[in-house]
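Look for chain A in each of the two complexes below; its partner is chain B in the first and chain C in the second.
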Partner chain A sequence: MTVKERTAALLPPLLPLIFCIGLAETAVRLGWVPSYLIPAPSEVFRSLVEDRIELGSAAWETLSSALVGLVLSFFAGTLFSVALSSSELARRAFYPYAVFFQTVPIISIAPLLVIWFGFGRPTVIASAAIVSVFPIIASTLLGLKSTEPALLDLFKLYSATGRQTLWMVRMPFALPQIFSGLRIASGLAVVGAIVGEFIGGGGLGSVVDSARTQQRIDRVFAAVLISSILGIVLVGAVNFVSALSLGSWHASERKPS
Partner chain B sequence: MNSIPQPGQSASGAAILCENISRSFAGAGVVLDHISFQVKSGEFVALLGPSGSGKSSLLRLIAGLDSADDGRLTIDAASGTLARGFVFQEPTLMPWRTVLRNTTLPLELIGCARADAQARAHEELRRVRLVEFTGAYPHQLSGGMKMRASVARALTTRPNLLLLDEPFAALDEPTRHGLQAQLREIWSALGMTVLFVTHSVMEAVFLADRIIVLSHRPARIVADERISLPPARSGDLRTSVDYLNEVRRIGAAMPAAEEML
Partner chain C sequence: MRIIFSLLASILLVSTGWAAQPAPVKLQLALNWKAEPEFGGFYAAKLAGYFEKRGLNVDITEGGAGTPVVQMVANRKVPFGIAAGDEVVIAQSRGADVVALFTVYQINPQGIMVHPERGFKSMADVFNSPGTLAIQNGSPHTLFLQAKFPKAKVKLVPYAGGIAQFLTDANYSQQCFVTSEPLLAKKKSVSAKSFLIADEGFKPYGTVVVARRDYIEKNPQRTRDFIDAVRGGWQEYLRAPENANTLMVKLNPAIDADTMKEAAEIQKPFIVSTGAPAGDLGKMAADRWTALTNQLQEIKLIKAKPAADRLFQNF
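What follows is the complex of A and B.
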């Protein structure tokens, strides 16, 4: 892509952003909207710069909690899916509870997590893991069940063991689905971590909470902005790994030739 | 680590004995109805029948991928599962593996050393004239090349029974003709028993020395004919009078398409 093409590609999404920032700045400066409702973008920017050390360490704390939660839910979810996919009886017995578990709002069980895990990190990590586990289970299970039947026949023909079938054909076949589950889960893990921090303390969740009580709406906005960037970073990391491992063969990651 | 399967003595095909084989499926009813036939070691037999007649079900039974409700199936093969090679309707290659790694798969599954497996895979890929594409991924190959890789994969264990389930049906005509001639060559060179399922009379006559014709479902054997054509078959044969006479003769034994009844 040339510089010109890149500019042409970036301009359409950038224009509305520039427009909105300009509009918000004007609206606050001219007193159309009180600054305790919407902060002037310049104020948010100043807060980002002035509080960069505090915001940075809070962001790092939230990101690392979300990441640990995501890794936990990835291993637990994948293990659970493999177990469920290998037995129809197990799937019928346990899958409904996985669905039920997902419908319980995290915000309502977060206080419970504090009771179980206390204030601080463990609660935040548990919250991130709980909200991100279901998409991983659902898509991994779907992926493990969608193996091409003729390939399974081929493995049967050569008396392959269950382990060979799982690692050599069912898992690789499920990879695209596993990654799409992971993509959804990584966004949710950040949400789960921040919800956990509202109640368990620490990270960007605490920053938002304390800035709100101090009526520092510019800081609230700065923290919100950073937390959405964290989500983008995690999703981007998943996309990167996905492109690395599927690039050579899967249609979704193949470059048009 | 297992040692690589070696080809037996020449013309080391397996003999098949089917006695009163029956198979029903829920929803489809009786698919195979007391099928009995015998295949001699080293024979090239086509199982010919209209679509949906149960030919594939019969082939899956012989491959050991399914079991019969009733009847007896005896396969006199060298060493169990390894003795059977199967080529599916689709190439069924693993998209994340190169042609070479797809071809070594059966040998990996039985625990052969990597170097041996690759040497054998190279040999079979050379046989199907695909050796210059060992590093390619399936999506980079044409339909005919994928099918050749699939045939090479089935040959790596040096099966003495090769089962093929309409492998060329999805290919265009020139490619199909080329692969038919190639398969016939492979059989001449290796001497295994071949059971080839097809719904095409012309394909069956070109390939096989003997044709077993199945009826509409529930499948029964309606004809069992020897083909009197020379053992070496090339493209010229397709326009010869002898070939066309055999096509007419077998075509007369083939049940009419269901829509025409």
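What follows is the complex of A and C.
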């Protein structure tokens, strides 16, 4: 890409950002909104710079917990989906309970997680895993069930075993759905980790909790900003893996020629 | 006949009298926790009709962990709210003009509750021994204690309210109102010992009624009426807490009637200074606010120091 093309690509998403930041800054500077309600972006920026060491280590803690939670929910969710897709009866029996994970209000069970797992990491990881598991189950299941029937017939014709069919056709063809589930799950894992940290301690959750207590709304916003960057980083990582594994053959990742 | 006429006339008078009375002013008082003896006087004022008598229709709303009452008052969402003294100072230092009008507690009942089996003799023992201490993240009393015991061995964890962890973990200590949580633990057959944070030298007024300065200036009479009713309510609650307790048990069934009664009794010395006249109930002193402001600056929670006489107003 030339510099001109790059600018053209970056400009559309940057303009609304610049406009919003400008508007917030003006509103606070001119006294339309008091700074204890909405902090001026410059204050948030100052907090990002002043507290960079604390925010940096908190962000790393949150990111690593979210990542572990995501990996856990990926393996558990995929295994669960494979089991469910293998039999209609199993799916009918257990799928409704998977929906439980989708609807569980994590903030209300977080205090229980502390009682089960204790303060610190285990609670945070469990919280991240619980909120991120459902999109993985739902999309993996959909993916496993939407293999092209002709291909399945072909495998049957060659009397392939169930395991062969799973690994060689159904899984590869489910990959696009699995990745789209992972994209949703990765953002949720960050949210789950932060909620877990409210109760379990550590990471950005603690920074937000403490900043809120001290009425430091600039710091709350700084932490929220970082947490959304973490979400973007995780989604970006999933996109990267998705492009690597699908780029050579699947329409969703193939470059237009 | 004449009697009937005079009766009719008096009925007419009374009814026009009613009609002439203005509709009561609707007001909200936002609490920062569930209904409990800490707020008994407010409910007593409502039940005894002290608000009504002054033409006020006050709606008392309960809060929970993290209800941002000071910010709600600052943002005009509610005219009156409950906050801790230190929150008022921090709010003002950040540009929110919120003023303290009445304090329930002269001695702040905020404390640390521990298992007596651990044999702690002082707050220093709690901090300098291993174990877990649940305490509100980043709050002034936490920072004060951390600064006072810099070589703490205890592991600090977030405080989420309740006593569930305390009941199950023998090495667990937590922040509390010494007038409340130790009683709840006792109710569950777990004994508790507590240490007052005020005894360590951090003494913000506790459970303070706050309002915006411009609200007070625009509505001086209404504010005075409100505070008068609140003071009356607290005098009533100190004398006879039964009615308010019955109501509060209904609102917050987590605390049973016996515990409400016991807590109401235990908190009396925290509310009434010995020898002070009843009319002084809830009044605050400038030197306490100055001391608090200095402490908050020492622990770096505030940069700008608000003047003590702008932090509170006695009615």
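Going forward, the second predicted complex is superposed on the first by the 256 of 257 C-alpha atoms of A that agree within 3 Å, B and C clash if a C-alpha of one lies under 4 Å from a C-alpha of the other, contacts with A are read in each partner's own complex, and residues count from 1 in each chain.
Quick note on the criterion: a residue touches a chain if its C-beta (ideal position, glycine included) is under 8 Å from a C-beta of that chain, and two chains touch if they have at least 3 such contacts.
Values in this document were obtained by computation on a predicted structure and should not be read as measured data.
Enquirer: Between chain B (first) and chain C (second), which does A:Leu37 come into contact with in this model arrangement: first, second, both, or neither?
Expert: Second partner only.
Enquirer: Does the superposition put A:Ile115 against chain B (first), chain C (second), both, or neither?
Expert: second
Enquirer: Could you say whether A:Leu157 touches chain B, chain C, both of them, or neither, answering first, second, both or neither?
Expert: Only chain B is touched by A:Leu157; chain C is not.
Enquirer: Looking at the overlay, does A:Glu148 come into contact with chain B only (first), chain C only (second), both, or neither?
Expert: After superposition on chain A, A:Glu148 lies in contact with chain B alone.
Enquirer: Applying the touch criterion given at the start, work out whether A:Gly196 contacts chain B, chain C, both or neither, answering first, second, both or neither.
Expert: Touch status of A:Gly196: no partner.
Enquirer: Just checking: does A:Pro172 make contact with chain B only, chain C only, both, or neither of them? Give me first, second, both or neither.
Expert: In the superposed model, A:Pro172 contacts chain B only, not chain C.
Enquirer: Considering only the touch criterion stated at the top, classify A:Pro135 as touching first (chain B), second (chain C), both, or neither.
Expert: Neither partner.
Enquirer: Once the structures are superposed on A, label A:His250 by its partner contacts, choosing first (chain B), second (chain C), both or neither.
Expert: The answer is first: A:His250 touches chain B but not chain C.
Enquirer: Can you list the residues of chain A that meet both chain B and chain C?
Expert: No residue of chain A touches both chain B and chain C.
Enquirer: Under the touch definition given earlier, write down the residues of chain A that touch chain B in their complex.
Expert: Checking each residue of chain A against chain B gives 148, 150-151, 153-160, 164, 168-169, 172, 175, 246, 248-251, 254.
Enquirer: If you look only at chain A, which of its residues touch chain C in the complex?
Expert: 34-37, 111, 114-115, 119-120, 198-201, 206, 209-215
Enquirer: Where on chain B is chain A touching in the complex?
Expert: Within the complex, chain B contacts chain A at residues 60, 63-65, 80-82, 84, 86, 88-90, 92, 94-96, 105-106, 108-110, 137-139, 157.
Enquirer: In the complex, go through chain C and note every residue touching chain A.
Expert: Touch residues, chain C against chain A: 66, 68, 70-71, 74-75, 87, 90-91, 94-96, 132, 136-139, 155-158, 160, 162, 164-165, 168, 301.
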